[in-house]
Amino acid sequence: MLKIQKIDQYYGESHTLWDLELDVPEGQCTCVMGRNGVGKTTLMKCIMGEETVKSGSITFAQEVELTQKKIEDRSRLGIGYVPQGRQIFPLLTVEENLRTGLAVRKDGSKKIPERVYELFPVLEEMRHRRGGDLSGGQQQQLAIGRALVIEPRLLILDEPGEGIQPNIVAQIGEVIRTLIKEDGLTVLLVEQKLPFARKYADRFAILDRGRRVAEGEIAGLTNELIKKHLTV
Amino acid sequence: AEDPIKVGILHSLSGTMAISESALKDTMLMLIEKQNAAGGILGRQLEPVVVDPASNWPLFAEKARELLAKDKVDVIFGNWTSVSRKSVLPVIEELNGLLFYPVQYEGEESSENVFYTGAAPNQQAIPAVNYLMNDIGVERWVLAGTDYVYPRTTNKILETYLKAQGVAPEDIMINYTPFGHSDWQAIVSDIKAFGSAGKKTAVVSTINGDANVPFYRELGNQGINAADIPVVAFSVGEQELSGIDTGPLVGHLAAWNYFMSVDADANYEFIDAWVAYTGKEDAVTNDPMEAHYIGFNMYVEAVKKAGTTDVNAVKDAIIGVAVPNLTGGIATMMPNHHITKPVLIGEIQDNGQFSVVWQTPSTVVGDAWSDFLPGSKDLISDWRKPMSCGNFNVVSGTCGGKAAVAAQ
Amino acid sequence: MSFLKELANRDKVFNFLIPEVSPVDVRHGPILYLEDVSVSFDGFKAINNLNLTIDDGELRCIIGPNGAGKTTMMDIITGKTRPDTGSVWFGSRHNLLTKSEPEIASLGIGRKFQKPTVFEALTVFENLELAMAADKRVLPTLTAVLNGECRDRIDEVLETIGLRNLRAALAGILSHGQKQWLEIGMLLMQKPRLLLVDEPVAGMTEQEMERTAELLTTLAGKQSVVVVEHDMGFVRSIARKVTVLHQGSVLAEGTMDQVSNHPDVIKVYLGEET
Amino acid sequence: MWLTRPLAERSTQTFLGVLFAALAVVTVLHLALPEDNALHVSAYTVTLLGKYLCYALLAVAVDLVWGYLGILSLGHGAFFALGGYAMGMYLMRQIGDRGTYGDPVLPDFMVFLNWQELPWYWLGFDMAWFAFAMVLLAPGLLALVFGFLAFRSRVTGVYLSIITQALTFALMLAFFRNEMGFGGNNGLTDFRDLLGFNLRTDATRLGLFLATGVALAIGFVICRGIVTSKLGRVSVACRDAEARTRFLGYRVERVQLFVFVISAMLAGVAGALYVPQVGIINPSEFSPLFSIEIVVWVALGGRATLYGAVIGAVLVNYAKTVLTGVMPDAWLFALGGLFVLVTVFLPKGIAGLVFKPKKAAAPANNPDTQEATV
Amino acid sequence: MGSTRLLSQLLLVCSLLWPGFTQAQVEDTEAQQLLTALAESSFADKEAVVNRIAGSGDERARGWLESFASNKLARIESSGQFIIVTDNRGRDWTVQNALTGENLGEFSRRDIDTIRVNNALRGELEDILSVIDLKSPNQSSRLSAARTLKGSVDSALAKRVPGLIETEQSAPVRAALTEALAIYRVAEQGDLAAVETLSGSLNSQARAALQQAMRSDNPELVAAATKAMDSIEQKLTLNRAAETLYFGLSLGSVLVLAAIGLAITFGVMGVINMAHGELIMLGAYTTWGMQQLLPGQPGLALILSIPAGFMVAALAGVVIERTVIQYLKGRPLETLLATFGVSLILQQLVRTVVSPLNRTVITPEWMSGSVMINEALSLTLNRLYVIGFALVVFAGLMLIMRKTRLGLEVRAVTQNRTMARSMGIKATRVDILTFALGSGVAGLAGVALSQITNVGPNLGQSYIIDSFMVVVFGGVGNLWGTLLAGLTLGTINQLLEPWVGAVLAKILVLVLIILFIQKRPRGLFPQKGRAAEG
């Protein structure tokens, strides 16, 4: 689904991503892991176009070269994004937040898909409240719900469980699983919490200081690897 | 040939005053061009030096200094607002320059270096009030003005004058508004109420510039026409009218020393020249332009008389110089640096012109110090030697302030 | 002037973990005491008759579903939100409801926000410097000098939060997790009597979580700590007493085991399979 | 202590060096060279430069509150004008009986509008020390009261900007009124001497120019002292995350008040030095557009750098002087164009172009904090 | 009213002459004589001449008098021929022979001697024409003629009016005549019965008459008059209050109009648009331009200006957005700077291209004057239209912002640009559209303002500060707030003005804003909640 080849990224002078390669196979959940500040979020931003890559290529669905696309066109291709830190629109109501995603839906529907409310009932309950007034976890749910509104083919989740109560985290995991199974969704997940990753991801990739240092089936995520790359 | 005579032109070309002042700059350029075509003065050409003080008062002082100190101009024609004149005054005096000030003003000033070719209050306000009182039979007065020095002073003079004429205090209503005031509903309604007491009422307006359009509009809309309550204005001229739909204003008055509609050959020639110069068929002339016309010609004559552009020589020579004005009469520079002017009252017509309905039988001498203000009624100004005093107190027989400094 | 300096110097002899002598009076029991606190936003009751007591030196974990009112509770304690009814006491002397945020902060209540907030235009080092316990009135701040001891303290904290290499970097460029750490560092610099920590380990790796847990447990005893967290593993590793909030009031309170077996807690919060 | 720290800094040293060198060069060129020498600096230029320096000091004051504290004051002209009026009142009283009406006490404009006695607020302005104290106190006090109210109620962002604008606008209207006793629209003018020196001599003018230079230097050092102190960092913290600063125990409103008042007083000093040099003070200095223009100087020069403010003020005003002379009909195009181009192409202002930005003390462009920094 | 006696005689003459009036045509020599007399006598003597002309029965008389009243009756200097000027603009005037009506082509103004008229004469002429109108078959001219009679009835006329009342068909004309008569009777004769008629009348002449009656020494009359006066005073107070309210609303609606575009560009988009005033100015100039394009049809031009003004300003907005604002994303403060520059450029552009002078915008017939509710309260029409227009614009804007996707998208984009783009929102397009919308609305404001104030290069500057005040007072980002703030500030201003005068009122309003913001630091309708408080 997504093929990242040899990308380099800089924040001003500082080289953040180095020759990075990553494969996200279709219909699977790939989990990116790594310590704080190694560049996971930066990588996601590069895919979304929020940061520009200096070199290398990102190919979506075998054919589309993403690096040439504007940000707004990427979501039109069917990429949904749940960024780190929620990034909801604080002064829009919950419902309006969700409605922002309607524009790019293929079916041109003007209604928020039922599934979103089913998944996060609290959003329905609070649909007229301003996004910014929600509690942290509710905001996170809103961010995920909003990404689902566009019915993406590829869903990028940057630490989605952060701040969400345990039973809902589990539920999110289940939803991911269902979506993958039923709708053939592809998921790119950034996650620090091992149990969650182990449970719901099919593949993993570990980043360290801007480089990909390990990759493979989730079963191959050994304690040794963890010790080497995920602890300080 | 000799160096040209440099003429500084100090009028705002941008900012709020550009609306009034930019035409004066063009007038000066036209006059200079004409003079040059006629061979200049004393065989020397004139060279205009134009600067833009941008309606900013300190900038006026700075530009005046620039003209005098840097460009070394021989004379300056400029300023519109009194505050700008006040701002350049110390500079002109310090550097001993010459300034011709072409706009009506509140008086109470006489400088050795400044020639006031616009009207003093006794050349505009008082005759206008006399006309209203005697010819129209006005008994109740609204003195409406923008809240600053010129209207305040003029109204103070008028108030004293009216009371001296036996008008009761309750028959005088005074109203001040901020600059650029645009909402006249309440005030016009008040005027209407004030004017409906059965006595003939008139408004004496010292409303400044941009506030006039909405004022007259409101008058029209509230149905006050000139036959009911005439308004006589001191700062609404042809140029201001060119921005107003004059249809509803017909009959309201203005007091000036010149109108474009005056039937005089000199005037027609001036208008033709102006239209040719601007290239606009609908270009209008107005009172301050005439003042510059007079001032410029006086300067020319004075330089010829003195045979030099030396400031002191010109200053002495110019007193007594008489040149034709545009209304068919003669303007003379008086020892107090003010000139003689006829006073004309005109009624607004639907074509944006004034029709003269009254005029003083002869010209009036500008009075630097008003007789109707307690502080200045004893002062006179005479810049001829040996008196050379701008504020001579006839009671105490002494020359105040400035001369005292000069004497030290 | 010199008197001020002396005052400022006196506390430098202490290790940074030891709290400053605070004017809090805890002789009569708890350090924090909330009684019958309620607050509603446009009719929505976010906190509903909440009663809570934190003892001096205690480490308390607070859990509860999203929107239960945990953050709002902290807002109330720190003076950000004024409750509609109820009373909040810090020790037995200070009625927090009558105090402004800076007053509350200088009484010795420090807070880490759920969404990390640091001063992005300042460096990591400067962020810590500002947080440092000191006389925070205007003129003393103007004349303050950063002496060696202060520097050492900052370095120490930098070490603890693992941002030594980034000390001169602007806080704005830190990654999410790094900002979390910086905020914890700022909290440490403040040396408060009571620490309110909202979701400290969100976005941290397992091992960092362990370190945080360790840090918080060392603090407890000398300082009182209130932690809000959704990561059960983390809570379990530090928890002595856990309070569960639900819909603005206390649903359950007790040890981790008691709480996690509480049927209501399982229903509204933990889910079946944890 | 905090005042001496900036003196040890490279950038301050450079700034002071350049400033004093400029003062010296101008003085020498003015005094030593004969008038017809091409390099001679005329008294006209000296006064002009003096005016620029006043504006520069004013801009520095604005940069202090805007650049470092995040308070976009659209009313700093008010403080400048108040300082100017305090000085103007002193100068008016110095005229004594040399005015046109020869009244030993009343200024001319009061005589001809028939005032009988000096209003109470004019009392004391015949004494230099009192007047000079008022130069600081009048703007300082206004800033104190206004700031106290505003900061206490946590008025921030555009709301603060607009009420500062309302403040200066209201003052402008008030001072326009003749009844206020400040000369109305015509303002105060016709000054004679200052501390016994005749204002109309070149020597006094040079003296005023030098005094302004020194004032600018002192003002710069004070501001620099503040921004390099811990208080300066707290200011930046207030600017970017006001609420967070409060939770650290800082009384944001007091920090803001302190810096705001200092800034207002500096603006007042600038105004006081300005008045004798331009020879007039009138309510147009209160005009909101003037205050906006000051902000534009700062932004043009480079916000949150202090020396940027100086560069911006001098440059814009120099451009004005030149352009109004060279292209009177079109200078507004040039000036307007300059504003647009600099903003679009030089986001960090001219200072950002000339000097390598060190550690960026410039505000973060974080969308979340935008509102707070406006 | 010295002329009223003359008037009443004239009325007699006219009423006698009316049927055969049109037939008579006096010899041209006599006409020539009359006109010469008019031209050569002093203002004081002209009155008599005018009456002679009116009484001459010449069918051309009305035309002469009308042209005379409007300064268009003139004489060729050289030939002494009497002419009527048909176009008096510029230096050459088109004229026709006053006696024959023959077109004479253009003459230089120099050669034309206008026969001067003044206000007093003009008033007289109007009266003459209106007294003639009392007999007019047209009811509305009779009504206005009858109204002008109030206060100018004299003893001679008083004898005739009852007859007129009797024959009059229309009730309002009758009422007006009755009142006119009553005024005369109360004032001049102290007629007790007539006092009754005047009780409750709002006419100012009626009030003057009653006042006079109150000074009489007939206690009965005084009592009756006092009572009548009291009832009038009560009514007047009410009317005064209604009037003030109206003034307040109309000033308020002007403020709303001026500010509402800014509520979009500044309030919603966050662009501190200092050029907003100049966009208003562009709208106003468009109106002027339209009227130049369609001479003689000011009304049509005005209506067409509504779309045109919107388009022009919107286009200017697009240009500003594309050339300046788009580079300042995320730097809201810098927009202040750049748009300040833009505003300088636009102002100077208008000065250079059009003129530094104000331009005349004509108020169409249907917008001038006022609707009279009663004699003490009339609502000026132009203001009434502006109030309506403001409300319509507001409603339209509200619809767009609330009901279309643009409203949602623009808010999303301003709150978090990158995230909005990540959601597929075309931020650039949204920016352009929104800025164009805000600018266009500013243009609409300009169209409306052209009917109220100056159309000149400074137009914008005089509204920009007020606009910002209104938006901020209402609460940034809230359209309702802008509406309420504008209306509130307008009303407060008008309430204060009679008390303290216009200048202090303005100062007080500013102080009020400052104090109000202390109470509500985020305006009338603050953005509430966590997000806003940060």
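Each chain gets a letter, A, B, C, D and E, in the order it is written, and its residues are counted from 1.
Quick note on the criterion: contacts are C-beta pairs under 8 Å (C-beta built on N, C-alpha and C of every residue); 3 or more make two chains touch, one makes a residue touch a chain.
Predicted model, so just to flag it, every value in this text is computed and none were measured.
A.B. asks: Farthest from chain D by Cα centre, which chain is it? Let me know.
C.D. replies: A
A.B. asks: Closest chain to the protein CA centroid?
C.D. replies: D
A.B. asks: Quick one: chain C and chain E, Cα centre-to-centre, how many Å?
C.D. replies: Here chain C and chain E have centroids separated by 65 Å.
A.B. asks: Cα centroid separation between chain A and chain B, in whole Å?
C.D. replies: 76
A.B. asks: So the centre of each chain is just the mean of its C-alpha atoms; given that, what is the distance between chain A and chain C in Å?
C.D. replies: Taking the average C-alpha coordinate of chain A and of chain C, the gap between them is 30 Å.
A.B. asks: If you average the CA atoms of chain B and of chain D, how far apart do the two points sit, in angstrom?
C.D. replies: Using C-alpha averages as centres, the distance is 35 Å.
A.B. asks: Which residues of chain A are in contact with two or more other chains?
C.D. replies: In chain A, the residues touching two or more other chains are 133.
A.B. asks: Using the touch rule from the top of the page, what residues of chain B touch 2 or more other chains?
C.D. replies: Chain B, residues with two or more chain partners: 13-14, 147, 176, 178.
A.B. asks: Among the residues of chain C, which are close enough to touch at least two other chains?
C.D. replies: Correct list: 41, 80.
A.B. asks: So in the complex, the part of chain D that touches chain B is made up of which residues?
C.D. replies: Result: residues 42-44, 47-48, 51, 95, 97-103, 108-109, 111-114, 173, 176-178, 183-187, 189-192, 200, 274, 278-280, 282, 284, 320-321, 324-325, 328-329, 331-332 of chain D touch chain B.
A.B. asks: In the complex, go through chain E and note every residue touching chain A.
C.D. replies: 405, 408-409, 411-412, 415-416, 418-427, 477, 527-532
A.B. asks: Write out the stretch or stretches of chain A touching chain C in their complex.
C.D. replies: Interface residues on the chain A side: 11, 35-37, 41, 84-86, 122, 129, 133-138, 140-141, 159, 162-171, 192-195, 226, 230-232.
A.B. asks: Considering the complex alone, what residue numbers of chain E touch chain B?
C.D. replies: Of all residues in chain E, those touching chain B are 43, 70-71, 88-91, 109-110, 113-114, 116-120, 122-123, 126, 151, 204-205, 207-208, 243-244, 247, 250-251, 254, 347-348, 351, 356-363, 368-370, 378, 380-383, 452-458, 461-462, 493-494, 497-498, 501-503, 506.
A.B. asks: Touching residues of chain B toward chain D in the complex: what are they?
C.D. replies: 13-14, 50-54, 56-59, 61-63, 65-66, 69-70, 81-83, 86-87, 89-91, 94, 108-110, 147-149, 152-153, 156, 176, 178-179, 373-376, 379, 390-391, 393, 398, 400-402, 404-405
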